[in-house]
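The next block holds one structure in the form of structure tokens; read it before the comments.
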Amino acid sequence: MKPKPSEHWRFRLHEVIYESNTRAGKAFDVGLLIAIFTSIMVVMLDSVVSIHLKYGALFYKLEWIFTGLFTIEYILRLVSIKQPIRYVFSLLGIIDLISLLPSYLSIFFIGAQSLLAFRALRLLRVFRIFKLGEFLSEINFLTQALKNSFRKISIFLLTVLTITVILGSIMYLVEQKENGFSNIPESIYWAIVTITTVGYGDISPITPMGKFVASVVMLIGYAIIAVPTGIITHDIAVAAKSKKEMPESCPSCSLEGHDADALFCKHCGSSLFR
Amino acid sequence: MKPKPSEHWRFRLHEVIYESNTRAGKAFDVGLLIAIFTSIMVVMLDSVVSIHLKYGALFYKLEWIFTGLFTIEYILRLVSIKQPIRYVFSLLGIIDLISLLPSYLSIFFIGAQSLLAFRALRLLRVFRIFKLGEFLSEINFLTQALKNSFRKISIFLLTVLTITVILGSIMYLVEQKENGFSNIPESIYWAIVTITTVGYGDISPITPMGKFVASVVMLIGYAIIAVPTGIITHDIAVAAKSKKEMPESCPSCSLEGHDADALFCKHCGSSLFR
Amino acid sequence: MKPKPSEHWRFRLHEVIYESNTRAGKAFDVGLLIAIFTSIMVVMLDSVVSIHLKYGALFYKLEWIFTGLFTIEYILRLVSIKQPIRYVFSLLGIIDLISLLPSYLSIFFIGAQSLLAFRALRLLRVFRIFKLGEFLSEINFLTQALKNSFRKISIFLLTVLTITVILGSIMYLVEQKENGFSNIPESIYWAIVTITTVGYGDISPITPMGKFVASVVMLIGYAIIAVPTGIITHDIAVAAKSKKEMPESCPSCSLEGHDADALFCKHCGSSLFR
Amino acid sequence: MKPKPSEHWRFRLHEVIYESNTRAGKAFDVGLLIAIFTSIMVVMLDSVVSIHLKYGALFYKLEWIFTGLFTIEYILRLVSIKQPIRYVFSLLGIIDLISLLPSYLSIFFIGAQSLLAFRALRLLRVFRIFKLGEFLSEINFLTQALKNSFRKISIFLLTVLTITVILGSIMYLVEQKENGFSNIPESIYWAIVTITTVGYGDISPITPMGKFVASVVMLIGYAIIAVPTGIITHDIAVAAKSKKEMPESCPSCSLEGHDADALFCKHCGSSLFR
């Protein structure tokens, strides 16, 4: 679709900022990622007291430079599309705004700058890298497998949560309040720490009965960890099979880009499989 | 099977309380789940000392309201079936009773109210949710796979338990009693914590020899975690295959709902596979 | 093979003690397992100081009763086979002896009784249970899969050990000696605790550089845990396939009990697969 | 390719040191591995203070003997190939040099000897063992599967790292600085410890909100551990299949040693599969 001449600049800008097929678009993406990485590195290092004492002033300047750059980027993103409101309320749009606000808020509120840590959320843009390169097919493959697994994994996580609430409540009764299991939410936190085999040891059973219940929880966790693995392994195999069987293009009209579960060509209607 | 007119009210009540095909049945299930969730939330929050001090009186009233509601539900469940004794001694029946008793016991015995934590067991009813929605086929699929795995997982867990008893006893000899391995049950508890890779660190080996034995235990645990995973993954693949091959209805008489291992139609006897 | 009349009693005894096809043999196995369980339970409870103080005298008597029973069993095992020396030096024979010695040694050496913990090794006989029941085919199946995986799992464990030695040595240089990484074997122990995701926390990195190296170790451990799982899952699938394809009996001469990798009947030489 | 007579000694030396087809070559490999093992054992034991105090003098002599032997080996490796510079800058060449330097540096700099721990890197030569024996096909098989998985595992690890940076930054805001989450890099370290289910417990959340975020991190870690497992399991199955299908030699010209993904004989061009 050719844009109107009067909109040409917007079309070009959109191509550079939102797409990555052109050389300029790729350069913008790579440059943005470097800026994001560097700005997060600055926030991270500035949070270390000893480094802050030495380079605090430098970091302060750098943060304002990055805030400036990201503000310009935010404005460019707004003007280069026809419906800026859709970007503003998209996930990435909200994240972009959240990573800008702390700097400006810090002018009025002392301490707001510490919220700069939220800038790490911008790392989510790193997944654009995969679109640039040869990882595309692997990414599609994994995404497909995870999409297939989603429902089963949800059921699994809900079951695990139910088990932890029940076991946490029982443990609250079994162990005395003095042993760290001071209330039910705390006990549920302990059950999650245990069933996922993390095991910090900040709360651990003291009484023999408590140790017995804990052993049961651990063995349950050890046995059911296999369930999501089995699910995802199976769905990867299924995704791999459908990927293999699916022809890249329609054998009748040569159209490409069919959905993973398509049986007939969406253009000419002839069967994709012979 | 049509009920006798005199039993019609019981039939209707049974449909609402025990089934979920009708609109009233679904509404009852959803309402009950919300009541269970809220009542557990109240018990959980009441166990936190700081919240109890503030809202203890409110929680006390709420607990009696929920106890009242659940008592009515329990009585309705009893009268709506012909053989109430079967419900009373079923798993869910016992759980329902256990979640009622603490409130009534607290009238006579001080402290009995803390047993309200057992009300969390009622969360098991959450699995009815899956029956309501589109998760049904996934749930059936997972249940089938786990049923197939059950025997193999049992053998695996028994083997792990035997290993932990043996290794725990050896560790009791290797480490001095002062190092936390004060008796054999304690040492077995340590072996379970270690082999499941939970690793609280409340008991950990001190002597070089103990650390060597612990390293062996950890490597064993690291290697055998793969066994249940392999088992379940395989049984999920098998369940998926049988689900795929199994036709939804008999090709001769169109009867649906055959068992997963059925080879012939249970109605007309013709082969399900052509 | 029919035994000579003079050897009949030995043949009968052997059947009862070593086999489990006869009713008497099964009863002996079950009785022995109960005795082993009880005796281990006694040793375990006796190791708990508070219980020992109360029931120590009773336990002392029970231990001597079990020692007597097991001594009789040991002698019967010796006389019921033609080459007793083969039993004496078999794994189970050595374990049986080790579980007897501590009681007798305690007459001469004070403290030898604590070695009774080794009696837990006799639990290995529990695996005979599986031979009694319907678990036989599952056990064979799992054993076959694990046998196939053995070499690959060995390579994997050797690789993990090499990695832990290298990473442990590096960590010894990175962290100061004061931080618990006091020598290289200790650091290797830490690397094993970390790479297997056990994570006691008895030794954990303090310096930023140490935390960085530890993070690398953890991510390696997180990624390579998948390797044995993949191996065993694959070999279970292979074992399942060969089990399925393999006919239970030769289609020509009906001989049963062929090896898992047999292609031709070992009796008549005709192909097992058609 | 036959070497020039004048180069015959270099050819023989190369055969012994770099290859393992000849008897002398195998003997050299085995001897070298024993020397490496012993020298690492000496370094390890010498790092234990109590052993160092007793045998320090002996270890000092042994270290110089091994340094001498490895120096001779290094020189032989240099002279036995035509382009020694390629060995010097290869991975194994650099490791060999690093394991020599500490001894010589210790003459000039006190303390340099502690760097001998780097000698553990020479253990990487242990993988040559596999080339000697019957493990070759298993090693090739695993290597092939891991090679296939490499890209997908990289994407997975990059995703995990991104998640830990984001979650670590959020946790830095949620928990007060006093609770061990004293700066963002520290919080990211905690997120890695948690998501990999290691769970040292050196840093663990104190506030209720922090415990909630931690629970989410743990459940994420518990669910996504399945992803690399699924990937590797699938690629092992694929590698196994291609290994099975691939004929050992070309059915036309009998040439052996085709690549795993070859479809046609590289010598005569006829199809490898019939």
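Think of it as A, B, C and D in the order they're written, each chain with its own count starting at 1.
To be clear about the criterion, a residue touches a chain if its C-beta (ideal position, glycine included) is under 8 Å from a C-beta of that chain, and two chains touch if they have at least 3 such contacts.
These are the chains along with the protein names UniProt gives them: A, B, C, D = Ion transporter.
Because the structure is a prediction, the values reported are computed rather than measured.
More than half of the contact pairs at A-B come back, by residue number, in A-D, the repeat among A-D, A-C or B-D. Look at the contact of chain C (Ion transporter) with chain D (Ion transporter) and you find different residues on each copy: under half of the numbers used there are shared. Averaging C-alpha coordinates per chain and comparing to chain D (Ion transporter), the farthest chain turns out to be B.
Overlaying chain A (Ion transporter) onto chain D (Ion transporter) using CA atoms gives a rotation of 90 degrees, to the nearest 5. One finds 31 Å separating the Cα centroids of chain B (Ion transporter) and chain C (Ion transporter). Taking each chain's centre as the mean of its C-alpha atoms, chain B (Ion transporter) lies 43 Å from chain D (Ion transporter).
Multi-chain contact residues of chain C (Ion transporter) (touching two or more other chains) are listed as 156, 185, 197-201, 225, 229, 231, 233-234, 237. Contact topology of the protein chains: fully connected, every pair of chains touching. In the complex of the two chains, the chain A (Ion transporter) residues touching chain D (Ion transporter) come out as 40, 43-45, 47-49, 114-115, 117-121, 123-124, 126-127, 130, 135, 138-139, 141-142, 145-146, 153, 156-157, 160-161, 185-186, 189, 192-193, 195-202, 225, 228-229, 231-233, 235-237, 240. Across the interface of their complex, chain B (Ion transporter) is touched by residues 151-152, 155-156, 158-159, 162, 165-166, 168-170, 172-173, 182-185, 188, 194, 197-201, 204, 208, 211-212, 214-215, 218-219, 221-223, 225-227, 229-231, 233-234, 237-238 of chain A (Ion transporter). For chain B (Ion transporter) in complex with chain D (Ion transporter), the touching residues are 197-201, 229, 233.
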